[in-house]
Amino acid sequence: MCDEIIAEKTRGTAKKLFGEGIKMDPPYLTWREFDKELANDLSKFITGNLYSRTVLSLPERQMIACAVLAATRARDELKLHVNAALNVGCNPEKLTEIFFQMATYTGMPAVNEALTVYREVLKERGEWPIGEKKG
Amino acid sequence: MCDEIIAEKTRGTAKKLFGEGIKMDPPYLTWREFDKELANDLSKFITGNLYSRTVLSLPERQMIACAVLAATRARDELKLHVNAALNVGCNPEKLTEIFFQMATYTGMPAVNEALTVYREVLKERGEWPIGEKKG
Amino acid sequence: MCDEIIAEKTRGTAKKLFGEGIKMDPPYLTWREFDKELANDLSKFITGNLYSRTVLSLPERQMIACAVLAATRARDELKLHVNAALNVGCNPEKLTEIFFQMATYTGMPAVNEALTVYREVLKERGEWPIGEKKG
Amino acid sequence: MCDEIIAEKTRGTAKKLFGEGIKMDPPYLTWREFDKELANDLSKFITGNLYSRTVLSLPERQMIACAVLAATRARDELKLHVNAALNVGCNPEKLTEIFFQMATYTGMPAVNEALTVYREVLKERGEWPIGEKKG
Amino acid sequence: MCDEIIAEKTRGTAKKLFGEGIKMDPPYLTWREFDKELANDLSKFITGNLYSRTVLSLPERQMIACAVLAATRARDELKLHVNAALNVGCNPEKLTEIFFQMATYTGMPAVNEALTVYREVLKERGEWPIGEKKG
Amino acid sequence: MCDEIIAEKTRGTAKKLFGEGIKMDPPYLTWREFDKELANDLSKFITGNLYSRTVLSLPERQMIACAVLAATRARDELKLHVNAALNVGCNPEKLTEIFFQMATYTGMPAVNEALTVYREVLKERGEWPIGEKKG
């Protein structure tokens, strides 16, 4: 794919996912402090290529991302992607259910951590408790 | 919840998920050989309670299940739930995309295993390659 | 099993395990903030059903719980269950030995974390160092 | 500790654990093919030192070993140590219960694998189903 | 980077790593069966970009790859990269030592699996036992 | 091996690895608080035996240790061994590259954590950013 198109897709997708409400630095800033060129290549590949594919909608991708990051105990990345999930319009009740469903596959410790991170993010965004916001 | 209702929900949900096309024994049969009562309690709790909740649709649940089982390298359970995903109508291209997406979060070994299991299941069901079936 | 009996078993077993000396919130409180009914179902299933079975004694169950939680790096749950282990009368020297024994199966990082958590709990309870208490 | 004593303890403990009924090669044989001296040092440290300590009884150690190996999906080592557990007199019903108990901490895939390995070992030893043997 | 250069680097690095003696299909062939374009993008990114960087020599990269794949129990990928390590001239005794060293960090099950896979590869290549080849 | 020689090797290797610039307690101090004799045995086995073998140079060992600890998310031990790696003369750019290389095998969360820990250590030692120090 042409470099210019990828760069534009990277910016566009990144804006939708991480454009607002996130109270933490994205990993990209860390990569850049170590190696600017590789940081750009990683970002273009992950955000501009993988995440810009349209077979899955962005809310579907974020539901998968949240499930996988919770299951593998990647707490910081989970926090980032729970924010991104809410930014692209994932249903907050479905996210709760996804984290409870993991009980069967990963046991309760991963569920506990995911719910704790999720509540933390919802509070930061003023969207807690879930029911209230819609009232 | 009333025991009778749970038992019926368990049967109903199990039929939709595992009712056809699966060429392997579900774990329930193993549980039963060790402890009949606990096997029933586990089945009622997981299938009749958790999986019968309607916040997530069954195809959504199966997409999450496949992602989490692939990420945690639970090969046998992944095989079972890829079958269940296809049984409840998950889009086969979306499943492919879910497995590729995990590259970012779990690295390529989990992607490789998931795709291998997925292709194996599709072949067993006569639904491989993915494009053909629809032609 | 009759719902009333399960509810009573849940309360009874929870009291023995978590009834005293624990300076942290149990995960049940988090579950409840998200979904009251599911929180109760989970609690009844785990504490009222699984944990109330008598094939293993409560101290045996807690030794297993501590080993598994240490091995899977579930730090918060380990902290909770080390407390529960001491509450139901596990021998403190045996707990130390369990954590050292894991060296062979999980390597030293899991041992280091487990011992650190264990020492933290013992200090909170005024039972550190282990030898002293009995003097 | 004196080298002679360690060597004797290694032999004694190894005999109790692995002395009979095991239809697989212990890892020690693999270590030896790569490095004879290191294989001996590892064996003396693990079996002669750690496993010969008496704070935990051998059946207690084996219950812990089986739980941890099941939780970390170390299938081959689990098979070996389930055999060793039965050799030193662990109660077979308690082993079943340990594997079911892990549901809460590690999810069902680890439970399924552990029960499958356990049944396989019991069949090889002619001790399946568990109830029968005692009849 | 220009697409043509990346494509050439991908071919060059792939040839050095996987050009000979490997008795298994590389994951790239699986990726391609699902999605030709993404397979090429992944291959270019991993082999043409990451693996073609020269801060680490190829033998250094392969030592790291083997250690990480052994530690994370990625058996199939370990087999592939042990072959690649030998293809780019890694010292066979150093590979043995790397696998033993992991005992401290990951416990013995990962060591056992790594040594088993390594011996299997060495036998397939006619380079077992290690000492003999040089004689 | 003679006990006296092992003890001396333990001291010598420990001094090279952990002798300077480390702003954290090594795990050995924790082991000792629980069991002085076992702590010494572990230290002699790991540092005096495994780490004192010369098939791998100390910088090679530390590169492997850092890769494996990063891949298995052993954050505290990674911090210790990144320090040790720098103490025995590992090239700082190579360490960066090792952490980026893991993307392929373990996904980005392990990369992100490793780079964060690494930067933290470099800052504590006054060796950040990497390029500057050499200027």
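Order of writing sets the labels: A, B, C, D, E and F. Residues in every chain begin at 1.
The working rule: a contact is a pair of C-beta atoms (placed from the backbone, for glycine too) under 8 Å apart; a residue touches a chain by one contact, two chains touch by 3 or more.
As the structure is a computational prediction, the values presented were derived from the model and not from experiment.
Student: So chain C and chain E: same face meeting same face, with over half the numbers shared, or different?
Tutor: Same: most residue numbers at the chain C-chain E interface appear in both copies.
Student: Rounded to the nearest 5 degrees, what is the angle of the rotation relating the C-alpha atoms of chain A to those of chain F?
Tutor: 120
Student: Counting a repeat as over half of the contact pairs in common, which of C-D, D-F or A-D repeats E-F?
Tutor: C-D
Student: So which chain is farthest from chain E, going by the mean of the CA atoms in each chain?
Tutor: Of all the other chains, the one whose centre lies farthest from chain E is C.
Student: Could you state the distance in Å from the CA-based centre of chain B to that of chain C?
Tutor: 31
Student: For chain C, jot down the residues that touch at least 2 other chains.
Tutor: 38, 46, 53, 69, 72-74, 77, 96, 100, 102-109
Student: Can you name the residues of chain B that touch chain F in the complex?
Tutor: 102-109
Student: Tell me, which parts of chain D touch chain F in their complex?
Tutor: So the residues of chain D in touch with chain F come to 1, 38, 41, 45, 49, 53.
Student: Quick check on the complex: what are the chain F residues that touch chain C?
Tutor: Interface residues on the chain F side: 27, 30-31, 33-35, 38, 42, 46, 69, 72-74, 76-77.
Student: Can you list the residues on chain B that touch chain E in the complex?
Tutor: Its residues touching chain E are 73, 96, 100, 103, 107-109, 111-113, 115-116, 119, 129-130.
Student: Residues of chain C touching chain D in their complex?
Tutor: Chain C reaches chain D through residues 46, 50, 53, 55-56, 60-61, 63-65, 67-69, 71-72, 74, 77, 93-94, 96-98, 100-106.
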